[in-house]
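Heads up, there are several structures right after this.
One chain, chain A, appears in both complexes that follow, with chain B as partner in the first and chain C in the second.
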Partner chain A sequence: MQLLTGLVIVVMLVALMRALMPSRVLVPAVAGTVSALVLLVVFRQDLAGTEFWAGAVGFVAILSALLVVLHPSPMVSVLFLILNLLCVSLFYLMLSAHTLGALQVIVYAGAIMVLFVFVIMLLNLKAEEGLQMGRGLQRWGAVVFGSAFAAMLFWVLRHRQGRPFIEPPRFVEGFGTAKDLGTLLFGEYVFATEAASILLIAAMVGAVLLAKKRLD
Partner chain B sequence: MDPRLLQVIVEATAKIALILFVNLTLIAYLTLLERRVSAWIQDRRGPNRVGPFGLLQPLADGIKFIFKEAILPPQSHKVLYVLAPVIIFVPAMVTFSVIPFGPAIDLFGMSIPLHIADVDSGVLVILGLSSLGVYGIALAGWASNNKYSLMGGLRSSAQLISYELAMGFAVVGVLMATGSLRLTDVIEHQMRHGWNILWQLPGFIVFFTAAFAETNRLPFDLPEAESELVAGYHTEYSGMRFSMFYMAEYANMITASALAVTLYFGGYHVPGLSLLGLPVNVAALVQVAAFALKTGAFLFVYVWVRWTLPRFRYDQLMNLGWKVLLPLALAHVLWVALIILLGWA
Partner chain C sequence: MRIDFFLVMAALLFTIGCVGVLVRRNVIVMLMSIELMLNAANLTFVAFSHELQSMTGHVFALFVITVAACEAAVGLAIVLALFRRRQTTDVDDVSLLRW
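Up next is the complex of A and B:
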């Protein structure tokens, strides 16, 4: 049953990719997806039972994240980023953090990404001719930091000694409700919340200053 | 299968089927209402040839839409062009799932609540889903590869972002009064303390104005302003794909009206009904009817306003959103906070 569902999802995704991808980015996309699939199969002891759905959503999340980077058309990239953010929202829902899941959709998918779409439409960006590789410092920097991240991930996977990646959610009364979230944000983490709000205000003032040609 | 799980599935499926049926029928007949009322306002007759009083007109329209050629412009982005009407239509239909349309009824010895999902953050779910609808318009505009469509899509994304904020802050007033994001709690609070409209009039005005902008209805239908943009984002669409944009608009109107009723007009609450001592199911039916009546009144206001007010200019739209509605909504939040602090509510 699970295998069948997984197969159906994979076939649907491949069909979607075929429809949306020019052939030259198909190879890296398929390669990335297959390696993600292999990783999932290798560590499948974490994906038994109900966690199968976490695996399925994670698979879609990885695939869409890859396509954000690989797809030549900026508009389609943005759409895959939205799909990725919706997957993150689904993760929150699976951890029974409903409020956070809804906020993720409202803030990221509903507001920030609309601005991305707006800018792409305003500048009328067309698909790039092939993938633009960075050169020199950028390329070597990407190699160094990418390998460091891969090494760290591998180390974590090797040394977790059978512990689950995430502790199972504590089903205490009121977990994941707006009240719970608010108590945490304005109680325990009030300093971080206020610091973030000051940061946002600073960014807003800066944006207004840059956008306004003449100050009077 | 576990009988309890089976019961949940059957119950949910029945309610989803019921709501889909009612909503789709209502959408069809709202188009007729729109045309008849517009004719009445403009001193014409309106469609009255198909069936008695033109009642079969929506059916004729539907058949016509299905038989029209579905044009796929050669220069468009094919996949996104086909996907855009779906992206706008699905959130519009799904949003209704968290709105309670009646109290619990007794059926086969079980108490069945009359809403599909009673989620803890129902208001947030509605705001989140309705904010996804903008992608349908933006993508339709972009994928058509037509400058009028693109302008329409651009306008719609700017407009929806601007009015979403004011709408959110207007709703905050209701949520502060209730102390919960759950829509059933909002209704119960209004049953005990009186409808929110009695003391949250500024919030309601902001909410309702923003709802017009969110549903792209006149006087805020800038994304499809025909005098300047041909037909805006759906210039290139034809047949059933075109009609899906309209169905989504009417579905959004229904949801916005139902939400306004739920947040400010007591939802399905009928004052003094409990004094009559009716049987549970009869009282529930009366309340469902009251909910339908209230929602219907708002839907009529939508049509009424469309054929009465002229369209705003784009700069007027932005000024109204950012310089009038948003400050008003913020002031309203302070006012509600003051009332709660003084213990008047």
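Up next is the complex of A and C:
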């Protein structure tokens, strides 16, 4: 755990140094690399643990999600969203959902994000404005309700009264494989699958119609 | 592996996406934030699916991905049509149907 904390602190310090002295790029980069390498050598036994890797992927996921929201240029946001989707697919692999992890990379990071990149390049957008924070009552209402929502979320997670945790076997036979997923999709959930196909066709027709030159 | 870590991650990602929808005024970034939220919901589905050792959560995550694909296609088509007509992607410039 010390290694992860140290690396997070190093990343934050490097970002802070970059912000404080934008002219000297080399100093924070060299200092960050050296201190990260020292940390890696000193706490190298942490590298074998699952916690370190899960935490590192989680850190990258949160950071990239924040950059998606905060970066002024849509092109950069979409690239960070792809990074975030790849991190989530690593989470799926940790939860032994192999098929879904692969589908996440192929369908989400591959197909859907290509659509986003394509449209952003087509539109030729400028990097816009800053953030729009709202005024007066709206802002304070957002702060109050947002912190209330976050507090509720974490309270629920802390006081979760499930059945006692049974350590599930790491790789149950067939759990998360394409065969099992397909059996469920075309067995128990066959109606939902057909409905999804109709939905896809409707969306495709709608998209083609909306993107036509003249809308009438 | 306890799934609490993944639930906290999903909660954080969902909150960030929600803030993105509320704070940004660019339609494309808002659509991306919606994708973030859908992903957080998916992560919760898969985490509970792992804890209960039942594949149903995976099936629902797959359907969520399908719906996200449809939503992205239609949403981006609307953005294209909007940009062609108004030369903007700012939601504040498109307020005809708003109260």
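The definition used in the following text is that the second predicted complex is superposed on the first by the 132 of 216 C-alpha atoms of A that agree within 3 Å, B and C clash if a C-alpha of one lies under 4 Å from a C-alpha of the other, contacts with A are read in each partner's own complex, and residues count from 1 in each chain.
Everything that follows uses one rule, which is that a contact is a pair of C-beta atoms (placed from the backbone, for glycine too) under 8 Å apart; a residue touches a chain by one contact, two chains touch by 3 or more.
These numbers were taken from a predicted model, which means no experiment stands behind them.
> With chain A superposed, do chain B and chain C clash or fit?
Taken together on chain A, chain C would fit alongside chain B, as the superposition shows.
> Considering only touches as defined above, state whether A:Phe154 meets chain B (first), chain C (second), both or neither.
second
> So, A:Leu122: does it touch chain B (first), chain C (second), both, or neither?
both
> In the overlay, answer first, second, both or neither for which of chain B and chain C A:Ala178 touches.
A:Ala178 contacts chain B only, not chain C.
> For A:Val105, decide between first (touching chain B), second (touching chain C), both and neither.
In the superposed model, A:Val105 contacts chain B only, not chain C.
> Touch check for A:Ser77: first (chain B), second (chain C), both, or neither?
second
> With the two complexes superposed on chain A, say which partner A:Gly58 touches: chain B (first), chain C (second), both, or neither.
Second partner only.
> Applying the document's definition of touching, compare chain B and chain C: which contacts more of chain A?
Counted on chain A, the partner with more touching residues turns out to be C.
> When the two structures are overlaid on chain A, which partner does A:Val114 contact: first (chain B), second (chain C), both, or neither?
first
> For the superposed model, what is the least distance in angstrom between any CA atom of chain B and any CA atom of chain C?
The answer is 14 Å, the least C-alpha separation in the overlay.
> Of all the chain A residues, which ones make contact with chain B and with chain C?
Looking at chain A, the two contact sets intersect at 99, 103, 111, 115, 120, 122, 176.
> Which stretch or stretches of chain A touch chain B in the complex?
That would be residues 19-20, 73, 75-76, 79, 82, 98-99, 102-103, 105-106, 109-111, 114-115, 117-118, 120-122, 124, 176-178 of chain A.
> Per the contact definition, I'd like the list of chain B residues that touch chain A in the complex.
For this pair, the touching residues of chain B are 77, 79-80, 119-121, 124-125, 127-129, 131-132, 134-135, 138-139, 141-142, 150, 153-154, 157-158, 160-161, 164, 180-181.
> Report the residues of chain C in contact with chain A in the complex, numbered from low to high.
Listed in rising order, the residues of chain C that touch chain A are 1-9, 11-13, 15-17, 19-20, 22-26, 28-29, 31-33, 35-36, 39, 42-43, 46-47, 49-51, 53, 55-56, 58-59, 61-63, 65-74, 76-81, 83, 89-90, 92.
> Show me the residue ranges of chain A that touch chain C in the complex, using the header's touch definition.
50, 54, 58, 61-62, 65-66, 68-69, 74, 77-78, 81, 84-85, 88, 91-92, 94-97, 99-100, 103-104, 107-108, 111-112, 115-116, 119-120, 122-123, 125, 128-129, 131-133, 142, 146, 149-150, 153-154, 157, 160, 162, 165, 168, 172, 175-176, 180-181, 184-185, 189, 192, 196, 199-200, 202-204, 206-211, 215
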